[in-house]
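Note that chain A is present in both complexes that follow, paired respectively with chain B and with chain C.
Right, the complex of A and B next:
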């Protein structure tokens, strides 16, 4: 019986595939139009940079620089993509980043054990996710308000706990374990970008090829439908907050490892960059749909603007203007594309 | 022993007393027509039966075994062979047909990774064999929002059929369907009867329900106000019953 189902689908697909080439191409393009649009944006932005400052943008150095800085907010942007797919929002992750890295640095300072510190920091990130999840699903506070409160509360806690002082991690300079996370990999690109790629692949499988991702998609698309089919949507939302919490703590650990110092202001500049990366990539706030690939490319687009603006000979404060314009243009294009 | 038995069920939505001391049962191989005006409480009753939310009072038995409301859920109902096509259809508009059909019980490997191939093949089987969809070039990858009202209902019913339940609950399944599509649904209900399974068929119009049901349960304002076996009822008498309760 099963065999015949498989043959029958194969036959039906064959029929579709035998259609005119032009139609098939158009169908593939329209299926992946968000991805095509974001690639188009990337070509446009980098093309412009190459024209404006070929000396910088036709050499690999600048790209290695992007690969070393963009992953810190890119890792969080991947987690934020899942949040938006589930039709939630999270504003607390920059503070979670600071708190997770603080706990990690403190444990390391006390025990000299980096892995133990990381484990502790990421556990705290998970706890923050659980708290966000409880506030949203059990108390019933809209996620934008719950996580706004969490953002302020955690930032305050970080300053109180650290007494506003930074923590030196110079003891780790040259430590092999540090190189695993933020060193230069043997293939000549920074290790943090390999982690970023690895997490992107993992989250793609989780969202589009795992049962859990199915639940995330339906929770964002039609929450009551998901419940009627037996999905625990409260648990699903909570787990999505936990994923972002853990990733934010991990990103915080990486960032402080790279700087060899933890600062109480860690993560403060990342809120808009992270949202920018997700929106430029083509994930909307409407829920039920999103693209990990788009966020991946969006991260490099947003991350490249600052370096690009400076290399093109403009003052640094132009960056925000460009990031803003890029977000508006990208979101407009995505909105026009999805209207069809 | 009834397949399903509900006794003294109460349900409140804040101030609204949506179900008042409702008794309801479904026998083996029985088609029950549950009728009543809009707002009578029909959907609320079957949502409790299907595990979507617990009652605020009363008892429930499935095949004679008492069901603890705390441990009951949609998943549990599915595993006990109770399948529901909700009035709201319960579809994710942006998701492809194959994901909609398997939502909540996806074929996976031990790691929870989806067996996409199997899901798509079985979804194709549901569309072509079970529901006999004929839409040219309709693909299991098409998002549900591209479907017509009848096709959407077809997906919701096909999904319930596929999982081969002992009791299928259909809440207003013919609403927004064409005459031909209504015929398909009625055929499906007759088939349920033929293969020895049971069905609760909810409607606020009597005409469709009348021909396929073995027994009628009439609800009004949260209460069961009358029950009639098929032999003792005529369409006119049922219409009268509903009208009279409304005065």
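Right, the complex of A and C next:
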């Protein structure tokens, strides 16, 4: 009792310091205005879909479908967020996705060991990240050019190595380990979405509660200042490329496990959707700031647009228009909020 | 390895005949006469033996050996040249459009067909393969570049349409390049340049679409007034005819048709279409038949149906082009019928078309490959070829 009294006294003193509740709320909202804007956009978009297609968007199946497909590019969008926060860009991740999954499927085909295959595939993703990092930090090539070259080189390597042929993974149909990654979880949502949530939480801690995250933010905000503060910016940038490389390979493995076949074209349709998820989520291209939560919501926004447009009875031609307008609105809101 | 032993025996027989004609009687006896009259007979080994036993033996032996080696070398070279003349020609430089993207299930089979033809023709052709991600713009750009390279032949796909390709095809034919087409037809250009080798190997697009639509109506048992979905690529200039054919066949049967255009994202990664289909199926639970006008989407029909909560047989799935995953879909009875346009031939035959036109002046052939329907009855016959990338 005594203790709670003292606590309430302390709270009252704190309230006096910070001002009334309304002001504190306003301050909090201002601090998290990007996240609030993204949530607002999500409510608006899904609300519109619910009004236009209640038979679809007021039932759970469509959301299960989103949860089964959005993680494939959402996981990469999380890694891409770190890249953009560090004021870099990476265009090679769709090809890394294909290469990592190819190595994984090949190792599995040779050894019947899925875990070994996944380890091999993700190691290749890490190596790609290191190569990107070296090209950017040591050779001095701007990241957009280095990773553009890497994108073509890796895709070409995939075609040469696979001879254009897909790899069957039907041996994994019904395998318990496959269900761990892309099966239906006991709570009725696809396992890949649980991995997506887990990775999002991990990266949120890494970016906002760990020293490495500070280094990423400092590097993206002002590289020279970060170096003066003792941050190894080259290592930091290389590590964010490695994180995206590993995540892209992991996403590729999940996608091919879901389809029970690895296709040489894996990932080619995800470049724009992944960037769209990050930008709609509120992470800017200018570095030094970003939001994992925004990317998470942005993934489902971008991933739901085509289904919403089709369910509303509009022709598929409208999808691109909607995605483009959504990205433009999102970046405009972000730019306006940043000015204040 | 060439076997020339027959030439020796032929030569020997000819010599015997000639001697018999000149001297009459048995040629062997004539030869025996010559042998007894001349100590050194015509046999090389005998001559060498005698030479080696004489005083100037080493010099003569070396000279003879050298002459024999030279003669052997010259004869060998002559034979080799003769053989080369029979098989080696100036290789025809051919640019081949495989469609794309590289590694895509359909383009891979087309590519393998062309490679098989190139392998058979060997040094007679030098084929360069172009992939375009099925982009009409990309195809036009690549065609212009191919014409600029002045090859002997170009085998192009007609996705950009006649209007887009016409000026460049005109330029190519004027420059003496043999142009032919596969997969998507270019009728006006084929009519204009058919005599100069412009052929077509591929399906008749509209007819193929109509054929699958009719087959799907018959096999699914869908009734007039019931709902079907066609998920296609109507936006592509020529290629869209197949989608239109399928829609027309369903509408002619009185079926109510919903149409969805395949977006670029779904076009590249068919799994991105899962929410799209689920959204459609939730909004239209009475759908009885689904036709996907796209190889990768056809292969993904089982995933679409599973995600939408359909069991095998609930909804009749039909589509175009066979891949290994499609085979599984047919076996699991998610997919009822698939139209095959035999893409291997679309790679194989255009290479031969150009070769035959260049060497023998053969006019452009028009070959309809879109005549196959695959279902549970014949799926196992095609399975090994499909798995090997030699059918689709």
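Everything below uses one rule, namely that the second predicted complex is superposed on the first by the 323 of 340 C-alpha atoms of A that agree within 3 Å, B and C clash if a C-alpha of one lies under 4 Å from a C-alpha of the other, contacts with A are read in each partner's own complex, and residues count from 1 in each chain.
Here is the rule we go by: a residue touches a chain if its C-beta (ideal position, glycine included) is under 8 Å from a C-beta of that chain, and two chains touch if they have at least 3 such contacts.
All figures in this text were calculated on a predicted structure; none of them were measured in a lab.
Of the two partner chains placed by the overlay, neither chain B nor chain C lies in contact with A:241.
When both complexes are overlaid on chain A, the residue A:53 reaches chain C alone and has no touch with chain B. Looking at the shared chain after the overlay, A:61 reaches chain C, while chain B stays out of its contact range.
Contacts of A:210 after superposition: chain B is touched, whereas chain C is not reached. In the superposition on chain A, A:261 makes contact with chain C only, not with chain B. Of the two partner chains placed by the overlay, neither chain B nor chain C lies in contact with A:300. Contacts of A:170 after superposition on the shared chain: chain C is touched, whereas chain B is not. With both complexes placed on chain A, chain A has more residues touched by C than by the other of chain B and chain C.
Within the complex, the chain A residues that touch chain B are 2, 5-6, 8-9, 12-13, 15-16, 205, 209-212, 214, 217-218, 221-222, 224-231, 288-289. Put simply, chain C touches chain A in their complex at residues 101-105, 107-108, 111, 235, 259-269, 271-272, 274-276, 278-280, 282-283, 296, 300, 303, 307-309, 323-325, 328, 387, 389. Listing the residues of chain B that touch chain A in their complex gives 50-52, 73-75, 78, 84, 86, 88-95, 99, 102-106, 108, 111-114, 116-118, 120-122, 124-125, 128-129, 137, 139-140. Touching chain C in their complex are the following residues of chain A: 53, 55-56, 59, 61-62, 64-66, 68-70, 72, 158-159, 162, 164-166, 168, 170, 255, 258-261, 263-270, 272-273, 303-304, 306-308, 310-311, 313, 315-317, 319-320.
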